[in-house]
Amino acid sequence: MIYKEKGTNSFSDYPSFNYEYCIKMTAGSKSQDGISLDHDDDGETRRDFLFLTAGSFGAVGAGIAVWPLVSSMNPAADTLALSTTEVDLSPIAKGQSITVMWQGKPVFVRHRTEKEVEEARAVNIADLSDKQDDVERVTKDKDEWLIVVGICTHLGCVPVGQKTSESKGDFGGWFCPCHGSHYDTSGRIRKGPAPKNLAVPPYEFLSDTLIKIG
Amino acid sequence: MIRSLLLIAVLVLVPVTGFAGGGETVPPPHHHWHFSGVNGTYDKAALQRGYKVYREVCASCHSMKQLSFRNLTDLGYDDSQVKAIAGEYSVVDGPNEEGKMFERPARPSDAFPSPFENDKAAAYANGGALPPDLSLIIKARHHGPDYIHAILTGYKDAPHDAHLLEGQYWNKYMPGHVIAMAPPLSDGQVAYEDGSPDTLDQYASDVVEFLTWAGDPYMETRKRTGMKAIIFLLVFAGVMYGVKRKIWSDVH
Amino acid sequence: MGSGERIEFDNKVVNWIDERLPLFTLMQKEYGVFPTPRNFNYFWNFGAIAMFMLIAMIVTGIFLAMNYTPHVDMAFDSVERIDRDVNWGWMLRDIHMNGASFFFIAVYVHIFRGMYYGSYKKPRELLWILGVVIFLLMMATAFMGYVLPWGQMSYWGATVITNLFSAIPFVGDSIVTLLWGGFAIDNPTLNRFFALHYLMPFVILAVVFLHVWALHICGSNNPSGIEPKGKQDTLPFHPYYTMKDTFGLLVFLVVFCVFVFYAPDYLGHPDNYKEANSLVTPAHIVPEWYFLPFYAILRAITFDIGIPFTDITIISAKLGGVISMFGSIGLLLILPWLDTHPIRSCRYRPKYKFFLLVFLVVFCMLGYVGSQSADAMFFGLPMTLVGILCTTYYYGFFLVIIPWLNNTEKGRDLPKSIHDAVLQAEREKA
């Protein structure tokens, strides 16, 4: 017979197969990493250096290997290529709004009437919870064009008020049906739980009737 | 150790050849390409010439669905040049507010427009033979670059015993020699602007360079990354060999 | 689990956790101080290498799955998008597709090592069987994974392999329809293959756990094939074998990287860069290289088996091929009971060693036969004949040669212990 059955989980009858021997063997060595098993003094520093180098290589290698994995979750090249949207403003009549998609989010483009601009400018800034002047939220000399990201700053619902049939809230802008936030004609939060004004995306006028968002 | 390496070698090198295609096959002559080898890179001038050949000749029948205009920056064009190139094409977008599809100038983010509406239309317009999409043509053929070059330059007069039907041509390197594509390129057909010779051989070489890039656009990054990875692993392995020797020194 | 002595740790946090859940004791016992034969050669690296490859495949696979679309209209393009647009996507895919090959290389070497040194013999039969189960699960996983890019080889490989099941009498066709979820390989098939391809690696991981557990019950075999007899015969697993395995793994990874970064498509087939087309069959369907020997055995049976001198067919050629293919792996399962010779290692069994090395050559030859078209010739011999001859040796090796050697091979004298074997080897070297 090559082996002999004995005990519960060991097939062997030789002393080394009980763990105690090996535990003692490592515990007996003084090194904290449990690697060093002998004590040749002149080799000690060289050995430590070697272990340290190996350890750093392992750590650096693991770090480098993780990077591409994490990076692969970021937007891909084709997604980034779609990160700007051009909008033709010419068909939007005064008082009308359109919704365009930009980076997968709705963007409200509103052609404001003079009255709406006036209302937005007449507000006492000090009374606002997110203090911002309407002038800061539009392009100079393009006061009638308000461009905001159509996502409620509370918890991410899309406010209503784009269509003429929909409620525009108490302040003539937008109303979020989820938790009752009211936005004014500058897209600023006036009433309800939302903490901030509707965000203004980065955009520029390429011509009088063409804007590029993003 | 040596035995295990040998075993790996045997397993890896069990030839996985098996040529596709029916009929007689003539192996394409071997070329040395700019992109061949460990340090091979794409020749940007050749890529641009190859793209010109593709645009002016191949694109009338062959689509390249996997490519977008934005990819052309790899060829050495800057953003405004790419935008200008894209602007020469129009693509179908929509539906608009009225629910209608409309045409607009292409943007860099758009894919290369295909010459035919769908594969059936493409096959119908070409006598039943579907012109394959060229995005991956180099990877989809054994010895891709050499093979495509050989096909483009391999048109010969048919031998007397060959049976060719209407719309068929004789090509030395096509498996079975019968090909449905008319000789696409001839000397002087495309006017190069950089002084390269306007010859069939030059056209074929440039278009192969372009098509190789189209199928393998990340090749240069791949090789560079590989060099770093392998050097890192070799040094690490060297250190580990030292560690292993040290640890085992008191056993032997 | 949970029984047995605990080890005291100096670190208070470690000790606190260990008192409640003895994870650190487990690790220390099984991977720290675990007594391991001192005479392993580099063949013993391949278990750890295979383990590493499994983890690498799971990790890259998870991130690839985040960008893959299992739909017949989009699968091919989504894989191309991974290559072209996803950050580092090309690398993840090249690692994953070549990783499959290198996982199989590691496992084939690991299996051959087991056969060479008799690692399947008592008391390690179950350990061996669990290994064969892992091998079978790997084959299923790799097969389904190869379908996902939805290229021509994906489609037609899947068609051919699933059609194998139609050879089963009476219920074959129903089983194939069930596998497909339709009347041909189509979207439902792709969907379920993706779901299963994602699941199976975790099943493999679970069986690997059992495999390692079984290994740690009886301890490792070693090149001499004799059990350790005392402390002079063993070393603690750490640091001796942790460091040696790491070194071996790094060398293996260098070779792996050469393929990943410089020849990523060398082990693949060009036809898989053509999108699947259910109307056009590629001229020559070949599976991935690691299936080729078994594919050759499948194709070797080209004749019906029936009652002689009558027209009655008992086993059709198709069924015969399927049986012989699955049988060839089944033989591995019963190997521990076919080979009952008391000596384990080839070192002390020259006759077995000779026939085993011939077996290795024949196995590689089968791989070559599998890669060739059916009408090819091999030095004037028809390829089908070469296939039959090699298949005959494959079966003969297990069913005739090994049992014959059980009774006839005397073998060389075994050394008294591993220690003696090592000393003897060193003396011979000097």
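A, B and C are the chain letters, set down in written order, and residue numbers restart from 1 in every chain.
What we mean here is this: contacts are C-beta pairs under 8 Å (C-beta built on N, C-alpha and C of every residue); 3 or more make two chains touch, one makes a residue touch a chain.
In this text, all values refer to a predicted model and were calculated from it rather than measured experimentally.
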Chain contact topology (line, ring, star, complete or other): complete
Central chain of the complex, centres being mean CA coordinates: C
By count of C-beta pairs in contact, the leading pair of chains: B-C
Rounded Å distance, chain A centre to chain B centre (Cα mean): 37
Computed distance of Cα centres, chain C from chain A, in Å: 42
Multi-partner residues of chain A (at least 2 other chains): 35, 58, 77-78
Touching two or more other chains - residues of chain B: 233, 236, 240, 243, 247
For chain C, residues that touch 2 or more chains besides their own: 84, 91, 239, 246
Residues of chain B defined as touching chain A within the complex: 68, 70, 97, 108-109, 232-233, 235-236, 239-240, 242-243, 246-247, 250
Complex contacts: residues of chain C adjacent to chain B: 38, 41-43, 45-46, 77, 80, 83-84, 90-91, 94, 105, 108-109, 112, 235, 239-240, 243-244, 246-247, 250-251, 253-255, 257-258, 260-262, 264-265, 267, 269-271, 273-274, 282-284, 286, 289, 292, 360, 364, 367-368, 371-373, 426
Of all residues in chain A, those that touch chain B in their complex: 35, 37-38, 43, 47, 50-51, 53-54, 57-58, 61, 64, 77-78, 81-82, 91
Chain A residues touching chain C - in the complex, by the definition given at the top: 2-3, 9-12, 14-17, 19, 21-23, 25-26, 34-35, 58, 68-69, 71-74, 76-79
Touching residues on chain B, where the partner in the complex is chain C: 1, 3-4, 7-8, 10-12, 14-22, 38, 65-66, 71, 132, 135-136, 139-142, 144, 215, 217-218, 221-223, 225-227, 229-230, 233-234, 236-237, 240-241, 243-244, 247-248, 251-252
